[in-house]
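So, here come the structures, one by one.
Here come two complexes built around chain A, the first alongside chain B, the second alongside chain C.
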Partner chain A sequence: MISLAGRDIMHAWGKFVFTGVGLGLLIGITLSMAGIYRGMVDDAKVLLDNSSADLWVVQQDTLGPYAESSSIYDDAWRGIRGMPGVARTASVTYLTMQVRQGERDVRAMVTGVIAGEPGTPGWPPYLVAGRQITRGHYEAVADIASGFKLGDRLKIRRNHYTVVGLTRRMVSSGGDPMVFIPLKDAQEAQFLKDNDAIRQQRRRTAENPAFNRPQVPGLLDAVIASQSTNSNVNAVLVQIEAGHNAEDVAESIRRWKRLTVYTRSQMEQILVGKLIATSAKQIGMFLVILSIVSAAIVAFIIYTLTLGKIREIAVLKLIGTKNRTIVGLIMQQAIALGVIGFVVGKITATLLMAPIFPKYVLLEPLDTIIGFAAVVVICILSSIVAIRAALKVDPAEAIGG
Partner chain B sequence: MAGKGIRIEGLKKRYGSGDTAFEALKGVDMQVSPGEVVGLIGPSGSGKTTLLKCLGAVIEPTAGRMILGDELIYDNGWKVKDLRALRRDRIGFIFQAPYLIPFLDVTDNVALLPMLAGKPNAEARSRAIELFQSLDVGHRAKAMPSQLSGGEQQRVAIARGLVNRPPVILAGEPTAPLDSERALAVIRILNDMARKFETAIIVVTHDEKIIPTFKRIYHIRDGVTYEEAGEGRGFE
Partner chain C sequence: MKYLPVQGRTLALLVVLLPLAVLFVYVALRSGPLAPVPVTLTKVENRAIVPALFGIGNVEARYNFKIGPTFAGRVKRLDVQVGDQVLAGQVLGAMDPVDLDERIQAQKAMLKRVEAQLSEAQAGHDYAATQARRYEQLLAARSTSEETNASKKHELQVAEANLNAAREELVRVRADREALQAQRHNLDLLAPVAGLVVVRDAEPGTTVVAGQAVVELIDPKSLWVNVRFDQIHAHGLAANLVAQIVLRSQEGEFTGRVLRVEPLADAVTEETLAKVVFDQIPAPLPPVGELAEITVALPALPAAPVIPNAAIQRINGKLGVWQVMNGDLRFTPVSLGAADLDGHVQVREGLTVGDRVVVYSAKALRARSRIHVVEQLPGVKS
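Here is the complex of A and B:
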């Protein structure tokens, strides 16, 4: 038996392919949306992986340092380092801001890391060019996605930094490239006020009789000095010794240091479950809407194609064609349309959208398989309306009268 | 497959019920022998199309008997379970317009019927091509329907009606869209095919050009048939 659907498609392949391409662009957007969500989750995991930390110690009762602001003293690492099971600790700051380079600026997550040696928590784990930060000030390592190059001069707040190294896939949970600078500089960038604000604060402090007491010499200078220095960081990253349970070490730090501690799985839950949850819901809604629109388009196209063949279907029924053959004709066309659309959509998502989209688009093979199955199911369901119309066709229509 | 043509006795068809009931066929008698081509003529609303639909097992008569070949297919109810297979294997249809499937080539338009009956593709196609030689369209076997002239399309439609060697072929206004020359050519072909394949052919028509060619004519008026000898200029 010949394939009626195949012959019909080959007969009007141009119309069919163009329709499939149109549908494919829509499917491409759908696949890209799924890829954007996967990219966001991957960005979050990469952020955690690249920090090389087992535990994140943050301000009590906050979800810091990524989902909420967190501020703890920069000497907290010493006490934590002495806890049982702790191998290494490092203070770290994170600040998402516009980093200027000449006339342009790039949104980046400026990360303050302590000087140390490779493997120190918070450091970029590998470089693709240049070297790590070796000086205590004014050097930077930038993610290659920022567009910065070795030797570029960056301006962060009032200071200039030279890019000495480039890394890859070091991004914030929002997909912004990371720029690493020495911790002290990062603390200044985050906490230090501008000169005008400092002068104003000094004047206000001097005008406050509680601080400016003639009978207590040196008090005003001491207060102003304390206001001018910044001794806070956002978090302390902790690596634990082999053989120790992360949760046990975390519990110990929580109990004795009065700080909140998150393990890797807890931090992943915060990033994926809270930080990008709203974005994930928005993307989910877009996926649902796009799926419905795709289904409606397939249903409309197949219904229109079927209505255009009513006379032929009546003849086929009159000459004894079984209903299942007619159902097969319509359903196979719907599936073929979906397959053409999916192939075009996959190519569009992979070769066109993913490379140019400003966010990381991760197209997982499993998503592709699920997407393909969904397209086939949607096409089958969408063909039901047309199938019902075809099955209602009276073979007597071929005779007329 | 061809047998003893078709015979119908007291065939009735009523549409609707109660006050709105309408009796389209009021007891039609008709017999067409194998190899015979008869005309069925009547004004609009006389019941021609209803009779054609009943004969074609498309709608169910209300009462009467139909014997197709050797088999009683209707006796106040269908006596065959699979009307679809009955239409496919034992009744040929030729329509006013050819109604060829536009996405199948000429050969597969005809071979589709034996394929639907479960015949292998090669055998079905060879049957179709054999018929094309008889109908003088062998050279168009690979063409698409849109590439054929009206007369060629109608000959392919005749081949489709014949391909399963049915005992009866029902032709509804098969010459309506054709000029006199082509119309007479089609009737000539139908006569030739009826004789060659021992098939009974009923031609429903208004076409005055072809009426004189019938040896026997059934007039239908108000749901009743009257038999009349035709001029029978025919194509002996």
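Here is the complex of A and C:
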């Protein structure tokens, strides 16, 4: 038995394939949009993965350190380290700022990590080039998305840092590349004012008679010194010992240390549910609309393709072809069009579209499978309209009209 | 319009569709989460490493002299400016003596008066002594009464007491004058040592309280770097180790050595403090307070298995590396030894020389990750 659909496609295969490619570009955009959405959520999750923490200890009643600002004393870790079930602790600071390198500057999340050895919470878990930080000051490990190279000199506030290592996929929840620097430098970068502000503050303090008392030499210097020190960090990352329940450890820290503690799942809830919620919904809504529009366009294409063949269908009916055969012809063509479109879409989304987006695009296999199923279902549904038109055609049209 | 024969058309369609299908399979398997992770490998090497410590500090002067008055008063003059070299004992300035000179003048007059009183007492005493002697002789010749003689003796004793009182008064007044003169000298601000003037805190006419510094001196030969090492990176720090000093304002390095490690650490900043002295004081003199980076070289260690620190990861609480054995990944826990500043870490246990371990990976690895060994990870510009 010969395939009517196949014969018909062969009849005008160029037109058919090009229609499929056009459809494919549309599907590619839809898949990319799904990838952008997934990428946003993934950005939030890799931020949590990369900190390799089980618990985040932050200022009381804040959603820090990512969603809100939080500041706790930098010796808070000592008390937390002594709590039962805590294996490792590390103070950490996060600050999104412009990092200068030569003429250009890059928006980056500067992360202060405590001195120690690789594997300490907060440190980049893996590198793609270079080495981890070994000096306690003025070294940086940067994400490759920042465009920095090994050996580059970065300027953060007034200090220069040498890039000694590169990472990949170390981004903030907003997709900004991360730059890891030693904690003491990061504390300075976060809380140190610019030189003009420091001078103005000194002058203001000097003019205040309460601080500048002639009977007490040295008081002014002491006050100024105390104004320009910083002993705060944004959070303490905690890894818990094997065999302890994260929620139990968190509860005891909350109870006895009077600090707010988030577990991994709570943190994910904050990041995905609060921090990126609106923008993710925005992209999600766009994805829904795009899907509906794509479905409509697929339906129109198949309907027009069928209408273009209406005379041939009338001939088929005239020579007594069964309705089932005609339905098969249209539906097979619709599915073939959908499959070509999907294949082209997947290829373009992966090879052409995803790499050019500035932020991460995550094309998940499950999304691809769902996308494929959706394309097939949409093709079948939209061919129903065309089938109705084809079955209603009067065989007389073949010779008449 | 001429159609291709069926065979030709099928062929043409295949030419278009087959590459698409191949590309699709490639895309599905080689990109996204199913794709193998590009990694670079290295062999565990047997090599000697030279650990080093890195810290930052400030240039400070070991001896810092704050010179000011010991009494509250007004600055009369200051002869030196910041940057001047001064000699030991040089007068740097003076405080306003107010009425001190007049009081010294008064003391001088007082001294003269007391000297006059002394000579008067001396004359009185001489006369009384003569009288006493004379009446003694007269009494011997029975020419005067016992009573008169006794009264003359008494007068002599009184005159003697007067003379002593006048002498002591002279001593007192002289001492008073010397005290005032000493105070007068004390108003001069003197350099205790040869040094460099670094601060001029008050100008002539300023009133300062007792103990407030007017001029500060440093001894330029005593410059050192007060350097802070994070306690976690201070293992092996000891006196007399060679140190490289990089000053923020100057190109090039200076050599020095660790003078001492402070017995008191900074408990707040969790840092160990040490003093590093220059082998040769840089010229021109670096500003006091300038930031300096210090690298202290520790003695070289004997050769041992060494891996790059980028290879070290912590999985499930254990420190280890991803080892490649027969093309499969295996997480091998390791115990680490000393490290140098270039990122080499000694492995005490877990690996032997020649083992192949993953250094860089494009993604976090798992035991079941498929890997693809490359020379350099894609996207890394060298």
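Methods note: the second predicted complex is superposed on the first by the 374 of 401 C-alpha atoms of A that agree within 3 Å, B and C clash if a C-alpha of one lies under 4 Å from a C-alpha of the other, contacts with A are read in each partner's own complex, and residues count from 1 in each chain.
Note that in this section a residue touches a chain if its C-beta (ideal position, glycine included) is under 8 Å from a C-beta of that chain, and two chains touch if they have at least 3 such contacts.
Fair warning: this is a prediction, and the values are worked out from it, not measured in the lab.
Enquirer: Considering only touches as defined above, state whether A:Leu316 meets chain B (first), chain C (second), both or neither.
Expert: In the superposition, A:Leu316 contacts chain B only.
Enquirer: For A:Thr325, select first, second, both or neither according to whether it touches chain B, chain C, the two together, or no partner.
Expert: In the superposition, A:Thr325 touches chain B alone.
Enquirer: State whether A:Ala396 touches chain B only (first), chain C only (second), both chains, or neither.
Expert: In the superposition, A:Ala396 contacts chain B only.
Enquirer: I'd like to know which partner A:Tyr138 touches here: chain B for first, chain C for second, both or neither.
Expert: Touch partner of A:Tyr138: chain C, not chain B.
Enquirer: For A:Met10, select first, second, both or neither according to whether it touches chain B, chain C, the two together, or no partner.
Expert: After superposition on chain A, A:Met10 lies in contact with both partners, chain B and chain C.
Enquirer: When the two structures are laid over each other on chain A, which of chain B and chain C touches more residues of chain A?
Expert: Result: the larger residue contact count on chain A belongs to C.
Enquirer: When the two structures are overlaid on chain A, which partner does A:Leu150 contact: first (chain B), second (chain C), both, or neither?
Expert: After superposition on chain A, A:Leu150 lies in contact with chain C alone.
Enquirer: What residues on chain A does chain C touch that chain B touches too?
Expert: Residues common to the chain A contacts of chain C and of chain B are 10-11, listed in rising order.
Enquirer: Note which residues of chain C are touching chain A in the complex, please.
Expert: 3, 6, 9-10, 12-13, 16-17, 20-21, 23-24, 27-28, 31-34, 54-56, 207, 209, 211-213, 229-230, 232-233, 268-269, 293, 308-310, 312-314, 316-317, 319, 336, 339-343, 345, 359-365, 376-377, 379-382
Enquirer: Touching residues of chain A toward chain C in the complex: what are they?
Expert: Touch residues, chain A against chain C: 9-11, 13, 17, 49, 52, 75, 87, 115-120, 125-132, 134-138, 144, 149-150, 164-166, 168-169, 184, 214-215, 217, 231, 239, 241-242, 340, 343-344, 346-347, 350-351, 362-365, 368.
Enquirer: Once bound in the complex, which stretches of chain A touch chain B?
Expert: My answer: residues 1-2, 4, 7-8, 10-12, 311-312, 315-322, 325, 394-396, 398-401.
Enquirer: Which residues of chain B touch chain A in the complex?
Expert: Going through chain B, the ones touching chain A are 48-50, 52-53, 56, 58-59, 84-89, 93, 95-96, 99, 101-104, 108, 112-113, 115-117, 121, 144, 160, 172.
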